[in-house]
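What follows is chain A paired twice: with chain B in the first complex and chain C in the second.
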Partner chain A sequence: MRLFLSGVRTQFWLIRRQPDELLTLCTIPFTVVMMLSIVMHAARPDLVANAFLAPTLIGLWGFATGLATTVLVGERWTSTLELGMAAPGAVHSVYLGRISAVMVLGVVPLGETWLLGRLLFGVTPAVHHPWVFWAAMAASVFAMIGTSLLLAASMLLSRNSNNYLNFLSFPIYLLSGVMVPVQYLPEFLQPLSHVIFLSWSAELMRDAMAVGPVAGTGWRLLAITGLGVAALVGGRVLLAATLRRARELGVVTYA
Partner chain B sequence: MSVRVQNLTRTFRKGKGWRPKGDEVTALDGLTLDVPDNEVHGLLGPNGAGKTTLCKILSTILLPTSGTAEVLGHDVVTGAAEIRSRIGIVFGGERGLYGKLTARQTLRYWAALYKISDAPAKARTGELLSRLGLTDKADDLVETFSRGMKQRVHLARGLIGDPRLILFDEPTTGMDPVAARDFRKLIGELRDEGRTILITTHDMDEAEEVCDRVTLIDRGRVLATESPRGLAEVSGLHRWVEAETSLDVTGIPGVVDTETRNGLLRVKTTDDRAARAVLAFLLDNGVRSVHAVPPRLEDVYLDLIGRRGMEV
Partner chain C sequence: MRDQLRVLKHGLIASWTMYSAFQTWKTWTFTWLSRLLIQACFYALIGRMLGSQQQVDYLLVGNVVAVMAIDATVVILLTVGERQSGTLALMVAAPASHLTTYLGRGLVNLGSGVAASTTAFLVLPPLFGVRLPWPWAAAVPLMIFVVGLSCYCYGTCVASFVLGFPSARWLALNLSYLVLMTFCGVNVPTSFWPDWLRAVTSVLPMTHGLAAIRVFIAEGPTSTVLVRLGLEVCVGAAWFAVAAVSFNRMVRRGRRDGTIEFGG
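Up next is the complex of A and B:
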C-alpha cells in the first residue's frame, strides 16, 4: 500500500509541475458547447442529461488516454523503467498509484461541465438519484484505472503509442454510448458496447439523472466494477509479462 | 566476493514480434570475472563491448543466456529479490531522472521503491542531500540542475538503499573537470565505507585514478583483469619515451607511433632496444627533458583493443 500511495503522491508532484498535462480540461468546454447547443437549439430538454454526460465521460476517457496511459511509456523513455525493474519494491504498485492519481483528477471534467452548462447556457441538469449517480461515477473511475493500466501496459509494447491512443477516441465515444445512447447504434454494434464499461456507466448515470426508478442498480454497478477488475487483472498480467519479456530479450517494445 | 561471474553468455535476437526469430547477436561471450568485496573495479571497453549488458545482468534488469552470475552471494536469476535490496545503480547523463521532480522528491520516490518507510526515508534523504552538497537546491527541479548536480542526484538515488555494491554506468559522461574530480573523491569515500564499486567508463584517467583493478572487455570477452599499473606492466608489449621536444623521431628503427600533447612528445617503441635508441637520439640532439615512462592505461587499452575508432 505504501508503494501505491508513493505513486499517487509522486504523480501529484509531477502534474503540479506540468500543467500542460491537464490540457484535456481545455477541450471540455468545446464539447459542452457543441452538445448543449444542439440540445438547446432542438428544444429537447429531455436530452440535457445526455449533453452533460458526454463531456464528463469524454473528459474521464481523455485523462485515461492522454495522461494515465502514457505513464509507463514515459518511464521507458527516461530509463526510469529499468531502474524501477532493479528496485526491490513492486514497481507495478507504484505505477498503479500514479495512474490512479491521474484518474482521480478525471472527475474534474464533471464539475467543469456542470459549471459551464450553468454559466454558458443557464442549465443545470437534475440528478434524481444522486447516490446511484455517484456510485456509478466512483465505479467508473475505478474501472478507468483498471482500463488505463491495461492500456498503459499495451502501449509499453509499441513504439508508436500516440497513434494508437489517438485512435482510441471517437470509436470508444461512439461504441460506449457516451455521445449517442447505445440503443440508437446499429444493432450489430450493440454487443460490442457491452464489453466497454463506459457503456454501462453512461446508461446508469443517465438513468440516475432521470425521474423514473433505476432498475438493476446493483448488477449494473457490478458490471462496471467487474469490467474494471478484468481490465486491472489483465493490465497487471500484461505488465508482468512485458517486464519479464524485457528481462529475457533486453527490449521492451514489441516491434 | 561481491561479484562472481562464470562463463557468462548473453545473446540477443534481432527482429520483431513477441519472440524475435532474427539473427543472433552475442553481447557477452563466456565472460568470467571476480570482484572481491570493497574493491573499486573498472570495466573498460569500446562501445558494444558488453559492459552495459554485464551491468544490467548484475543488477537483475536482464537475464543471462547461459553461465552464472552471483552478486553478494546471490544468483542473479534465483536470488534477484535479495540482490535488488543490496545494490545501487548510478547512471550517467540525463537517463533515469525525473526532471519535473525536485531532488528531495526524487529521493523520496526512490526511497519508497527501496521499501524505506516514511520517517527513515525523510532522514536518509536529508542525510544524502547534505552529503552530496544538494541541501540548498533540494527543493529545486532536477531539470534546472547543471550536469554535475544531476550526477549528484543520480549518486544520491543510487545510495538511497545503503547498498553494499554500487554499479556505475558511465557516471562522468558530460561532467566538467571539477565535478569529475569531486566524483572521484566520493568514490574513494564510498570504498572507505566498505562498499564495492563496479564502474564502466571510457575515461582512462578516471579508471587509472579510482580503480583498484580494471577489466578490459572486448566483443563480450575479458581481455585482461589487473590493477591499472599492473595491466600496463603485464601488457608490456611496448616501451614509451617522453620528451619536451618537437624533433622528428619517426625515422628511428623500432618507433611505432608518436603523439604530441601540450608540447610533450610521446614515442611508442617496439622494445627496450628501440627505446634506448630514441633516448640516445634525443640526448644527442640536446634535449634535456627526456624520460623512459611506463605505458598509461590508455596506451594498454589501445594496444589490446586497437584503434577501432567509431567501430562498434
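Up next is the complex of A and C:
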C-alpha cells in the first residue's frame, strides 16, 4: 500500500510540474461543442443526455490512453524503468498508483462537460437516478484503472506504441456506444461491445439519466467491475511477464 | 527558384525518411487509416441515430474531409522538432532560405492526410447510402487536396507562433485541428453559430473548401464551387504569408539578440 501511495504522490507531483499533460481537459470542450451542436441543430433535445455522456466517457478514455497508458512507456523513454526494476520494492504497485492517480482525474471531464453545456448551450440534462449514475461512474473509473494497466503493459511490447494508442480512440468510442447506442452498429460488431466495459458504462449511465426505472443495475455494475478486475489481473500478469522477459533477454531498455 | 526546389526536394526526402521510420504501409493502413475511417463512421452513425439520411450525408462528407486536417496540422510538431534539433543556425548561415525547409517540413504528412481522406471518400459513402454524382465525383479528391493545402498553410502559421513555446506544441496541434473540425461546417452549418463566430470561420481553412465540396456533390452551380474553392485558396495563401513573415521575424530576432542557438 505504501508503494501504491508513493506512486499516487509521484504522479500528482509530475502533473503539477508538467501541466501540459492535462491536454485532454483542453480538448474536451471541443467534443462537448461538437456533440451538443449536432443534437441541438437537429432539434433533438431527447438526445442531449447522449451528447453529455459522450465527452464525459471520451474524456475518461482520453486520460487513460493519453496519460495513464504512457506511464510505463515514459519510464522506458527516460531510462528510469531499469532503476525501478532494480529497486527492492515491488514496482508494479508504484505504477498502479501512478495510473490510479491519473484515472481519478478522469472524473474532471464530467464536471467540465456539465459546466460547458450550461454556459455555452444553456442546457443541463436531469439525472433521474443519481445513485445509479455515480455508482456507474465509480465503477467505470475503477475499470479504467485496470484497463490502463493492461494497455500500459501491452505498450511495452512495442517500440512504436504511439501508433497503437492513436488507434485506440474512435474504434473504442464507436464500439462502446458512448454517443450512439450499440444497437445502431452492424449486428456482427455488437458482440464485441460486450467485452468493452465502456459499453456497459454508457448504457447504464444513459438509463440513469432517463425518467424510467433502471433495470438490472446490480448485474450491470457487476459487469463493469468484473471487466475491470479481469483487465487489472491481466495487466498485472502481463506486466510481470514483460518485465521478466526483458530481464531474461537483457533488453530492459527495449522491453 | 530552382535552388529552392532542390532544397525542398532534399527536405522532402529527409521528411520521408523520418516518417517511414515510424510508419510502414502496414501500420499506416491498419492503425492510422483505419482509425480515421472509423472516426468518420462514428459521426455518420450519429446521423443515423438522428434518423435522417440528410444528416448522415452531411456528417459523413464533413468528417471524411475533416480527418485530413489532423495530418495537415502535424507540421506544428515537426517544425518545433526541427527547431529543437538545432539546425536553424546552420540554415540561417546557408545561402538558401530557411523558409523552404520550415514551411515544407510537414508535406509528407499532408500527403498522408489527403490519401486518408480520399480513401474515406471512396470507401465510406456506399456503406452509409450516401449518393455521389459519379463520374464527376472523381474531382472531389482534387478539392480535398486544395482544402488540405489550405489547412497545411494554417498549420505552418500556428507553428511559427508556437516555436517560441515548444512545450505547448501538442496543445497547439490539438486545438488547431479541433477548431476546424468544430466550427468550420463539418458537423453543423456555419450558420448555426453566432455572427461573430461565423465571421471568424470565414477566415479559417476548411470552411469554404468544404462548402465547395458539398455544393459540388449536390450538383450545385459550378460558379459557386469555383468561387468557394478560390476563397479557400485565398485563405490558405493568407495564412501562408503570415507564417512566412512570422518565421522571418523569429530569425531576425534570433540574430539580433543571439538566441538562435538556443533552439538546440
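In the analysis below, the second predicted complex is superposed on the first by the 251 of 255 C-alpha atoms of A that agree within 3 Å, B and C clash if a C-alpha of one lies under 4 Å from a C-alpha of the other, contacts with A are read in each partner's own complex, and residues count from 1 in each chain.
The rule is short, and it goes like this: a contact is a pair of C-beta atoms (placed from the backbone, for glycine too) under 8 Å apart; a residue touches a chain by one contact, two chains touch by 3 or more.
The structure displayed is predicted, hence computed values, not measured ones.
Enquirer: Contacts for A:Y173 in the overlay, against chain B (first) and chain C (second): which applies, first, second, both or neither?
Expert: So A:Y173 only meets chain C here.
Enquirer: Per the contact definition in the header, classify A:I38: touching chain B only (first), chain C only (second), both, or neither.
Expert: In the superposition, A:I38 contacts chain C only.
Enquirer: Who does A:L47 touch here: chain B (first), chain C (second), both, or neither?
Expert: A:L47 sits against chain C, while chain B stays out of touch.
Enquirer: A:N163 in the overlay: touching chain B, chain C, both, or neither? Say first, second, both or neither.
Expert: second
Enquirer: Which partner chains sit in contact with A:G89 here, chain B, chain C, both or neither? Use first/second/both/neither.
Expert: So A:G89 only meets chain B here.
Enquirer: For A:P181, decide between first (touching chain B), second (touching chain C), both and neither.
Expert: After superposition on chain A, A:P181 lies in contact with chain C alone.
Enquirer: With the two complexes superposed on chain A, say which partner A:L23 touches: chain B (first), chain C (second), both, or neither.
Expert: After superposition on chain A, A:L23 lies in contact with chain C alone.
Enquirer: Kindly list the residues of chain A that each of chain B and chain C touches, one partner per complex.
Expert: The overlap between the chain B and chain C interfaces on chain A is empty, containing no residue.
Enquirer: Can you list the chain A residues touching chain B in their complex?
Expert: Chain A reaches chain B through residues 2-3, 6, 10, 13-14, 17-18, 78-80, 82-89, 91, 94, 245-251, 254-255.
Enquirer: With touch defined as at the start, can you tell me which chain A residues reach chain C in the complex?
Expert: 20, 23, 26-27, 30, 33-34, 37-39, 41-42, 44, 47, 50, 160, 162-164, 166-167, 169-171, 173-174, 179-181, 184-185
Enquirer: If we count contacts the way the header does, which residues on chain C are in touch with chain A in the complex?
Expert: Those in contact with chain A are residues 22-23, 27, 30-32, 34-35, 38-39, 41-42, 45-46, 48-50, 52, 55, 59, 167-168, 170-171, 174-175, 178-179, 181-183, 187-189, 192.
Enquirer: Mind pulling up the chain B residues that touch chain A in the complex?
Expert: 10, 12-13, 16-20, 53, 56, 59-63, 81, 84-85, 87, 89, 91, 95-98, 100-101, 105, 108-110, 112-115, 117-118, 141, 157, 161
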